Amino acid sequence: MLIVILAGVLLAFLAPLLYRWLGRYVSIPMALYPLSAFVFLASYLPQVLSGETINVVYRWAPALNINLHFYIDGLSLFFALLVTGFGTLIMIYAGGYLKGDPLLGRFYLYLTLFMVAMAGVVLSGNIFCLFVFWELTSLSSYLLIGYKHNKQESRDAALQALMVTGAGGMALMAGLLLLGMAGETYTLSDLLHKRELVTSHDLYLPLLVLILIGAFTKSAQFPFHFWLPNAMAAPTPVSAYLHSATMVKAGIYLLARLTPVLGGTEVWHYSLMTAGGITTLLGALLAIQHTDLKAILAYTTISALGILVTMTGIGSAPALQAMLVFLLAHALYKGTLFLVAGNVDHATGTREIGQLQGLGKGMKTTAVAAMLAAMSMAGVLPFFGFIGKELLYEAALGATAFKAVLFAVSFFSGMVFAAVALVLGYQLFWRRKARPTPLRHSLSPALFWPPLILASTGLVFGLFPAPLVTPVLRRAAEAMLGVEQLFELALWHGFTLVLGLSLLTLLMGYVVYRYSKRLLSYSSRFNILYKLGPDRVYGLAIKGLLLGSTSLTRIIQNGYLRVYITVMIITLIGLLVLVKNQSQLELDLSQSTVTIMDVRLYEVVLFILILPALLFLIRVRSRLTSIAILGMIGYSGALYFVLFGAPDVAATQLLIETMTVVVFVLVLHKLPQFRFVGSRFQRIRYMIVSVLFGAMMTYVTLLVKQYPLVSGLKTFYGENSYLLGHGRNIVNVILVDFRALDTLGETTVLGVAAIGIYAMLKLRMDKDH
Amino acid sequence: MKTLILAVAIRIFIPIFVFFSLYILIRGHNHPGGGFIGGLICAIGFIFHTMTHGPKETSNTFFTVRYYRLTPERGQGFLLHKLIILYKNLFRKEEVRTGSEWHKRQFRIDPIFIIASGLFLATTSGVFSLLANQPYMTGVWADYYLPIIGKPGTPILFDLGVYLLVLGVVLKITFIMAEE
Amino acid sequence: MDILLPVLVGFLFAAGLYLILHRHFFKLIIGMMLFGLATNMFLFVIGRLTRGNTAIIAGTDQVASEPFADPVPQALLLTAIVIGFGVQAFAIVLIKRVYQVFGTNDLDDLDKTDRIHEKYPDKASE
Amino acid sequence: MQHLILVLPLLIPLYGAILCLFFWRKLGVQRVIGVATQLSLCAASAYLLSETDQAGILTTHIGNWEAPFGITLVADLFSSLMVVASAVVGIAVFVFSLRGLSNARLLYGYYPLLLLLQMGVNGVCLTGDLFNLYVWFEVLLICCFVLIALGGSKPQLEGSIKYVTINFLASSFLLIGIGMVYGILGSLNMAELAVLIRAAEDNHGLITLASVFFLIGLGIKSAIFPLFFWLPASYHTPPIAISAFIAGLITKVGLYTLIRLFTLLFVLNQDIVLPLLLVASGLTMVVGVLGAAAQVDFRKILSFHIVSQIGYMLMGLAIFTPLAIAGSIYFIIHNILVKTCLFLISGVVYRTNGSFTLKNLGGVYLFQPLLAAMFVIAAFSLAGIPPLSGFWGKFMLAKAGLEVGQFGLVATSLSVSILTIFSMTKIWNEVFWKKRPRTDVTADAAMAEINVADKPVIRLLHLPVLFLVLAILFIGLYAEPLVSLAFRASEQLLNSEIYINAVLLK
């Protein structure tokens, strides 16, 4: 199992190289991969059909309970076969569609990567393994949507898709984490039995909401649907494969997969049905307002996704069966139609339905494929789409609640589908018009065979549903429902209510098609919907983000050093005060009155000398004077060191102070006079901060000194400095022996400073000044 | 500043400063003092010199090694050649100075080299113990006492390294700044 | 003496910080040095003080006899002073170069690298 | 043996630097020394890691002075991991700077400075002594000062002023904190302090007060929310090789220290400190990522992202569970590699396209596909897209956060990672996908020139990036080794007895 995934990844990264070697024939090895994967997966069919589930586990990050766990049952096998089977055709098609494109190699890279990721999503048996592949599909989808990278709109669409699905991914991650906490495992097969535990958990609601956000963003449910039409900026094979047949259905897969764990509650039913219903309606409504082929297809896809979610939400056995059948039917016909749209675009250079007519003569095979697919889409009798629609209506009518609404929604979308099918299957190719749209060139076989194969599959499945698809779908439905399913798919159910409704749908579809121009003229009234729509909200959010972050950053990162330092000091003071109050530290001077008043006269004199010097230093304008005063203060410090038994420190301080003064005089004697800058208000503000800080430091010092210090180090050094360190000057022995590593570091600092000063003064890269 | 008296006085002072600083260095283990203070004191002597004579002059006077070099003969080993040059330069000054086959050369000791040697000395003083599978910087001490220094050992070497480094650093800084 | 030096430390810190917050380069550097001195004094004071008795073992003794000043803060202080000198010397030179290059001594003029759209010529760095 | 392997990460770069100083003006020799040093440093740190992995915590008492009296070097898993990361980053940056930096800068001590900086980093990670920690911080810092200002161009000087001043203050706070700790407890050895602090009864408050100084000092160094201003002001100013090293490593060293000290020493009064850290981490993430969203310069975007990512690492400490700390550790290592890699990529882009400004760039996707691929990997790794390395860290942190009920913080962290994706794709869109703008003719000409003349150079510059990308891919795709190391490291951190016993009971 792993080898399939790894081979895919490897092949993906080889694709650019292969393209360099093989040129246009690169599509052959690239198509062979999904084909062999398809065959490999199909080899599991007997086992799965006999009711087994297959678990293959590879240790990946066992410390986090994330393993490469592959889990094959009916549901995952169904999806996996769809992904790889469709993938084979798309690989061939892409080779024809993008013939001669210099970046074809990279295109195959992304596409193969996506295919692997998608297969990974549906085959994962560990929810985080699933999540990993899930995010990979977002990433590869991003790269594919932005494939025409020179176009601004492509880049924007790619970003939008990534932002929306990425945000959904984050929500999903949180949701899955919570699910893991609630179900106490990340392993899918274990989780499937923990429905009681999960649905009764406190975290059920948040985790459900988060997972639904993840699934809805991926499957373009309202209000996250807007990225999908924009994603049509991708080359057509991508639209057909990712944004119609597979990736967008990852969300559906997730919902289906987790139905046994999360489903069955009221929240589940209603949220899915609401979101799905709105999406269905909205997609259908928007579809008839557009004239761009791919846009129309995109919106009908959204509508179809809505139906799928609704059906999953209903959750009854017929609804789930209908969901599966419709999903397959939709993948077959919608994929075909996208490819047809691609062919039309390729041959004529336009996708505007108004400009396209009479294409049937020039591109017969494509036209046939289009017609077959369109009939399936409209739900005409011998096609698989018909079975799908019948089941949908049955399920909607069989729902326990909101029967009428559900049916109306499905009916409406069915009607629109029929109308759209007429446009694609009939209008473009066969409607008689004086001047057919001129073709720029004829199509290569790689372009018309894949749609034809797909479309005829729809027909074959429709004619022989029982042997071909029923067993798999049964097992898939079982995986969702948990009980054995015995339904049979049949083309003909006799003259029932549903059949009548199907016919009515077709009729109404024709009406819509006939009066579509008139309907379109009304649609301008809905423009207000766009203005307030989520697409717009997204745009505003991005703009707002940029604007907001810019102004915030301007305020925070304002470039004034003194403001930065003030903020830091205030933070420090604030924290100190907070901690002091929280831990009830009290300064009690009375305890140590004796030592406090133990002051010698010369110490006081020194103190009294330093204070005015400090004040003077703050106010003085002359540089030399300030250096002198600074030196004086430093020397006074040294005197204190002498007084308190630290001759080495004092000597060092004296010498360093001298050195500093020398450096100062040498370096800074050319700086101009001070100007007093800054307003009085500023100065007062900084004065307050400084005084507060100084007071705080005094307070802290006194606080610490309140307690006696017991230093084991002092005793040890006093006893051993001579005996073990062979020196009488304890400080020196500490410096060169006990703590010589400090001194080594210290000397390094000095050395680096010297190099730095040297480089600073000598090396001048900036020749501007 | 460039008065003659001061200039001459500085020339005399420098050896005094150097010796005094060395004294401070070696007594540091037992009395106030040590490598750091010693290095600084030594450097101060040179700072005065730099201030009166300029950095070029200081560098020429104190930090330039002049020697005579011989073109190597064929078949003579590299090491032997160097050793001959070293020997002649040290002990046969007159012969070298007059000999026609000897060429005058000079080598400026950049203070960076002093820094590097100081750092090297300080670092290496601790390495010996590593060889004996003792922790880094374990003191290795001699068995006898010397006057002023006391017991010689690797920490004294360490202090000497500090001394050299401080000297180098201060010299480097002063030279550059004085050049500015 | 327990009260005098802590108060002095406070004053040094306050003055140092006030000068650092000043807009003038020169004041900034003076402020940094005062702040450094204040930190050193703090280190010294916080390690407790002993008058007069140095941390040197007298002539014939083998072991230092109490009371003697705690040598640990002194050693730390020495290291800190030297490190402080290195940093401050570098800072002084840096200030000088900034003045030479920018021709200003007002810190508020140096706000370009923080600005969002401010563009320096790219070529200066590689 | 452990005496040697613990000092090698300090001695190797130090000796390398000394040798470089001896050959001050001879760049060729310095390069040879540099390569040898970096390689042996890599080997030594890898050996150190494998030893700590097998033998537990290693210690050596420098100068053979028993534990609380001398300085002890301690290597546990966390510190060894840091040492390894610094060596890996070091060798990448070193190779990059062979050609990615002008000779003028190299002649003024770049190589020795880089080596000493590495020594400083290793020192901080390995020391078991509070004051020694400060000393190594200063070594590291002065090297950063000099490196950031090296060359003295206008933006560099401007950045340096802020960097130097603010970091000087940070060091002072650190020193004040250390002084307070000595003044209260009378020791500097971290293990002994840990014992003393846990035994202390009457001065909890005082110790917490001291910890505030550490919090602020290290908070400044690791660029936590209200203290990060110096970072975006300075990190983008020096040449990219220097930026890459400092940006990749140095803030994380601050964070390493925070984690070390707040797990080992300041474990009292956590009810005051941890909520503060929690708030700070959230704000750090948000403010950093918003700052990045506003920028229009490649390096500045990356700089602000450092701040944002620091928030994640702090989050682990603030949550304070084994999983959270392990998450932080993983995140730190991952971030060191990724951030350096991204900075180096920006350097290659600059070298071949002549600009850092997004507006003037474009078309790299077409002309330099390898670079584009490496950027995608690094950038999405940073954004935490699985299975790349950032994901695992984020996963661990998010999981830990949810487990203790910090839903708000987890939500913040996940939203921030969306915004991270946003700004990474901004770079990708502008620099790689967009058409090269025609207005900037001079850059075009420069590009053509460089491309013809410098092919081998450009190839050499790709090398370290590739190396780092492979490292990122390794810790991402095969996360288990690092994850389990992080777990064990966090166990060591949270069970202080192990550390204390290793140091004190030799």
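Letters A, B, C and D mark the chains in the order given here, with residues in each chain numbered from 1 onward.
What we mean here is this: a contact is a pair of C-beta atoms (placed from the backbone, for glycine too) under 8 Å apart; a residue touches a chain by one contact, two chains touch by 3 or more.
Predicted, not measured: the structure shown is a model, and the values here were computed from it.
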(request) Identify the chain whose mean C-alpha position lies nearest to the mean of all protein C-alpha atoms shown. (result) D
(message) Tell me which has more C-beta contacts between its two chains, B-C or B-D.
(response) B-D
(request) Averaged over CA atoms, how far is the centre of chain B from the centre of chain C? Could you give it in whole Å? (result) 30
(message) Taking the mean of the CA coordinates per chain, how far is chain B from chain D in Å?
(response) 39
(message) How many angstrom lie between the centres of chain A and chain C, each centre taken as the mean Cα position?
(response) 47
(request) State, to the nearest whole Å, the distance from the C-alpha centre of chain A to the C-alpha centre of chain D. (result) 25
(request) Two or more other chains in contact with one residue: find those residues in chain B. (result) 30-32, 36, 112, 115, 119, 123, 126, 137, 139, 169, 173, 177
(message) Two or more other chains touching the same residue: where does that happen in chain D?
(response) 14, 21, 62-63, 102, 131, 135, 138, 142, 145-146, 149, 151-154, 161-162, 165, 169, 176, 180, 182-183, 188, 229, 232-233, 294-295
(message) Counting only residues that touch at least two other chains, what does the list for chain C look like?
(response) 20, 28, 42, 46-48, 54, 56, 72, 76, 78-79, 82-83, 86-87, 89-90, 93-95, 97, 101-102, 107, 110, 112-114, 116, 124
(request) Could you classify the connectivity of these chains, where an edge means two chains touch, as line, ring, star, complete or other? (result) complete
(request) Spell out the residues on chain B that touch chain D in their complex, using ranges where they run on. (result) 110, 112-113, 115-116, 119-120, 123, 126-127, 129-130, 133-139
(request) Would you tell me which residues of chain D are touching chain A in their complex? (result) 14, 21, 62-63, 65, 68-71, 102, 104-105, 107-109, 112-113, 116, 119-120, 123, 127, 129, 131-132, 135-136, 138-139, 142-143, 145-146, 149-154, 161-162, 165-166, 169, 173, 176, 180, 182-184, 186-188, 192, 202-206, 208-209, 212-213, 215-216, 220, 226-227, 229-230, 232-233, 269, 272, 276, 287, 290-291, 293-295, 304, 365-366, 369, 376, 380, 385-387, 391-392, 395-396, 398-399, 402-403, 407, 410-411, 414-415, 417-419, 421-422, 425, 429, 432-435, 479-480, 483-484, 487
(message) Residue numbers of chain C touching chain D in their complex, please.
(response) 20, 28, 32, 35-36, 39, 42-43, 46-48, 72-73, 76, 79-80, 83, 86-87, 90-91, 94-95, 97-98, 101-102, 107, 110, 112-114, 116-117, 119-120, 122, 124-126
(request) In the complex, go through chain D and note every residue touching chain B. (result) 1, 3-4, 7, 11, 14-15, 17-18, 21-22, 24, 60-64
(message) Taking the touch rule as given, give the residues of chain A at its contact with chain B in the complex, in rising order.
(response) 647-648, 651-652, 655-656, 658-659, 662-663, 666-667, 725-729, 732-733, 735-737, 740-741, 743-744, 747-748, 750-751, 753-755, 757-758, 761-762
